[in-house]
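Read through the structures below before going on.
You will see two complexes here that share subunit A, one where it goes with subunit B and one where it goes with subunit C.
Let's turn to the complex of A and B:
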């Protein structure tokens, strides 16, 4: 945990006071390779037209198949298929892919289907609720001029932050995560993460490491590690900003975070030793890679730290000191470490010139508590998931003790029910579809501010 | 003395009941104080909302005049005043790029013989020196310095982390991106592929005359000189002379 504290303060320091890497943005607009854009859509009637409209308006040469948009209708039962078809019939560079009678099993599966019909080497992916500016594609493809770059990631900004308390907190969390954390990791040549949206990859590199793993709940983290372990890098483009709709309620947030945490923990189990021993990664990349893999286990460690602190306060610390010197580090972390995320968020708000939002920082404690609960739970679910996957390979020996013979059935039933209700399902994030409305509000406010400033 | 005055040694039990309430009140007050500003901002927001991103922006507009709140954020983007551009000419017929997927990584310095054809993308963890008439069918990423010989052809891009020298009549189909000084001899053409491209550097770019289809961006300066010999550092000059022999 203390390593995490040092790491994050280091990131904060680097982002605030050190020179920032250019990330090939001087080439943006001059280098225009052929690009395929994948947009998986599962029951996205509220937002489908908005995102397709954004790609129609995108500032990129749309001739000779150099630019293609592949809208993947992933088994939608609402108006999504007709919206997608309408755009495909109007614009030759938009392709509609329908998964009739199937689909809805998660983004990785939909992306793999889309990849089959994509014809270009560079592939970008966007979620359905995203609103990219017109320069976004030019900025994202620029790093691919470097043969060492296998993936690219842009910055995500919630558009609906005024919508609820949760969206305001998500706004701050995202700002810290991208503006400071990702940028610093890129500056320091560590492991910036491919986030699965507002990002892209080389098709040939993905092909070399296999396609998207459909058993993973965080296909983006999985691809990040596959790329790095294969000798490629991920470039983080802070200037490629893109709006998204943040989750509205704690309920939605819990589902989303559970999915991310389980997916991340799956990658931890799979890539921990490989990362540790990798000959292609530098020493610091290996260190960062391991810490990044364990990022979603830190809430559990925080919880253990808090419980240990309370317990040792009641029972008496001296005994603990003599048995576990580690307790000292737990206290140290609890004194300083919990604030590191707040420092990153504060730094990003400062850079974004949103100083009034810093007033909300103490309320991020609510978010921290929620994270501690959800990620701790998700860690055990991930272990359960792994165990379950192992069972498929080698079924456990069932020691029969009951004569009724229903024990195993009941166990399996309970297991399946638990599994289906908790982890196996790809929990789709519901969209309010208010993104454009919020954007128009922000734009009008910005115009008013500019007028006032000039006047 | 302190003890005699009763400051030390006064037991906790001597604290009056109202004292407990004051201590408790102070404690709760300190906690509430932390959150009160947050609650205030949440209830009566004065934050202008999410970071403004102009969805209609295009590259030129953004680098010319950035929106007021559009962040230092864009750390990786050059500030407009330090971005210098020279657009000399466009080539009328763009050339088709090769499709090379295989990438080789070399640890150490690399020297490539005259007339060689390299059918890979190359990542060189050292310096690269190529003799004349070499064809790179892929792209190059050089962690050290690079001297690209006369009439070399690079069918993708060059990314170099230190100094880069492009000798006479080198053709780069896409881009050149360099963290160090760039020296370009006459007759060099960059961005002739169908995907286009240009030259960008974090440091100064020195050109021997301005000719050919070049789009150049430097964070420091673009200098046009009569002869590169005037500006090229001594150690690089020696390498180039050795290469020539």
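Let's turn to the complex of A and C:
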């Protein structure tokens, strides 16, 4: 926990007061390589037209196959296929890929199908609920001018933050995560993460490390580690903002966070020792890599801290009189340890000049509580998932004491029913489709503001 | 859309050192006057307890290790074993039910889990491991762990690197630092009075729950609340004009 406190404090300090790397943004608009854009769409009828429209309006040369948008209809049963077909028939640079029948098994599978159709070296991916501004692609491809860059990541900004209490919290969380955390990691040449959307990679580099792992629930984290462990880097472009529709309710948030946390923990189990021993990573990249892998276990550590605190409180009252430093440490952990993450979010809001959002900062405690609950559960789910897969691959071979075997059957039955009822499958986030409306509201307000300034 | 700020700020070194000096002076003041502070706190709590109708006596020892102590008449009888089993069953069922329902938001689930564990552990400890004999008097002592003096030091320590270094007028930073300290002093008086009155009126278990939750959780919230207000004030101030935005 102390390491995380130091790490976040370091990020806050670096992002606020040190020189910022601008990530090749001077090349944005002059370096314009051929690019393929993958958009997986599974039952996205509410948002499909909005995102395709944004790519039609995109400020990027669309001649000679230099710009292609691949809309992957991933087995949708709603109006998504017809929307995709309509755009593909109107615009030559939009290609429609349909996966009727065998689709809907998750984003990594859809991306792998899209990759087979893509014809360009630079590949960008966007989720269906995202609304990229006109300069987004130009900004995202600029870092690929550097041959060392294997992946790129832009900034995600929720566009529907006034919609509900949860969206407001998500907005603050995203601000801290991108404006401070990702930018600081990029400044310090640590491990900025490819987030699976508003980002991209070189096709050749991805081919060299395999393809998207379809067994992972966080294919983005998986790709980040594959890239770094094979000598490539991920560049973070803070100026490449893209607007997303944040989840509306706690139920949706729980599903999303569970999926992320399990996926991240899967990567923790797989890449922990490889990262620790990697000869291509620097010492600090290894340290940051390990801490990043364990990011979704910190809520579990916080929960253990609270429970230990309760136990000490009930059991050890007389002891506390004589161990003042321990009390100080517990208080320091509870206050400063948790506080530094709030400060990170506060710092990002300060940099974005969002004064009213700062007032909501204390309510992030509610989000912290949700994270503690969901990520702690997800950690154990990830362990169960790993255990089940290990049994499939490597059956135990030692001469074990003979048993009736009923316990194992019951265990597997219980495990199977548990998984069938839980987030074993790719749990898709539902969209409200209100993002475009908020996007237009903001745009109109800005136009009015500019008019007022001029006249 | 928005022209967001993509460059670093200049660190306010002078403000940082002023904040550090305030923090040091404040910490030393508390360290050398903690006992006097507890006595003052106890006299205020005593007044509030009298106001709440809690019958008590205040003892002030000359030793630093023993802070001011409130003695209260409480007719405590250990909870019968069958009642404990029943309560444990209710608490465990409640925790499971809250977890099962998908409609209940995760933050509520987390709170319910922590509170249930706290109550179950306390009940089990008091029944199985260290049964408390019946008594008619109980004592509550104001000391390092529960008087809130540690938090007073922590507030200054937190605000120095996270607030005083940020661009903005010094008076805004000092103002919010002292508002946070002032609130902390008032809050700790109210918290101590509330938990002591809870012990008098509702018994040991509720006292333990209140003491832990109000101490560990609420303390943290108000530190963040004042920090966020301070940041918002700084961003409103003239400092924002000197920020350079990316084209």
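What we mean here is this: the second predicted complex is superposed on the first by the 410 of 455 C-alpha atoms of A that agree within 3 Å, B and C clash if a C-alpha of one lies under 4 Å from a C-alpha of the other, contacts with A are read in each partner's own complex, and residues count from 1 in each chain.
Just so it is clear, contacts are C-beta pairs under 8 Å (C-beta built on N, C-alpha and C of every residue); 3 or more make two chains touch, one makes a residue touch a chain.
If you're wondering where the values come from, they're calculated on a predicted model, not measured in any experiment.
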Clash or fit (per the criteria above) of subunit B with subunit C on subunit A: clash
Which superposed partner A:34 touches (first subunit B, second subunit C, both, neither): first
Which superposed partner A:239 touches (first subunit B, second subunit C, both, neither): both
Subunit B versus subunit C as contact partner of A:133, first or second or both or neither: both
Which of subunit B and subunit C A:188 touches, first, second, both or neither: neither
Partner chain in contact with A:306 - subunit B first, subunit C second, else both or neither: second
Touched partner set for A:361, first subunit B, second subunit C, both or neither: both
Partner chain(s) touched by A:18 [first = subunit B, second = subunit C, both, neither]: second
Which of subunit B and subunit C A:262 touches, first, second, both or neither: neither
Which of subunit B and subunit C A:227 touches, first, second, both or neither: neither
Touching both subunit C and subunit B, counted on subunit A across the two superposed complexes: 15, 20, 22, 133, 179, 183, 238-239, 241, 243, 351-354, 356, 359-362, 442-443, 446
Subunit B-facing residues of subunit A, complex: 15, 20-34, 54, 57, 59, 121, 131-135, 138-139, 145-148, 155, 157-162, 165, 168, 171, 175, 179, 183, 204, 208, 231, 236-239, 241-243, 280, 351-354, 356-357, 359-363, 438-439, 441-443, 445-446, 449-450, 453
Contact footprint of subunit A on subunit C as seen in their complex: 1-2, 4-11, 65, 102-103, 105-107, 109-111, 113-114, 117-118, 121-122, 125, 143-145, 150-151, 154, 157-158, 161-162, 165-166, 208, 212, 216-217, 219-225, 227-229, 231-232, 234-236, 240, 243, 246
Footprint of subunit C on subunit A - complex, ascending: 9, 12-13, 15-20, 22, 133, 179, 183, 238-239, 241, 243, 250-251, 253-254, 303, 306-307, 309-311, 313-315, 320-321, 324, 327-328, 331-332, 334-336, 338-340, 342-343, 346-347, 349-356, 358-362, 364-367, 369-370, 372-374, 442-443, 446
Residue ranges of subunit B touching subunit A (in the complex, touch as defined): 34-35, 37-42, 45-60, 62, 67-69, 71-78, 83, 99, 101, 103, 105, 121-123, 138-141, 156-157, 159, 174-175, 177, 191, 195-198, 200-202, 215, 217, 219
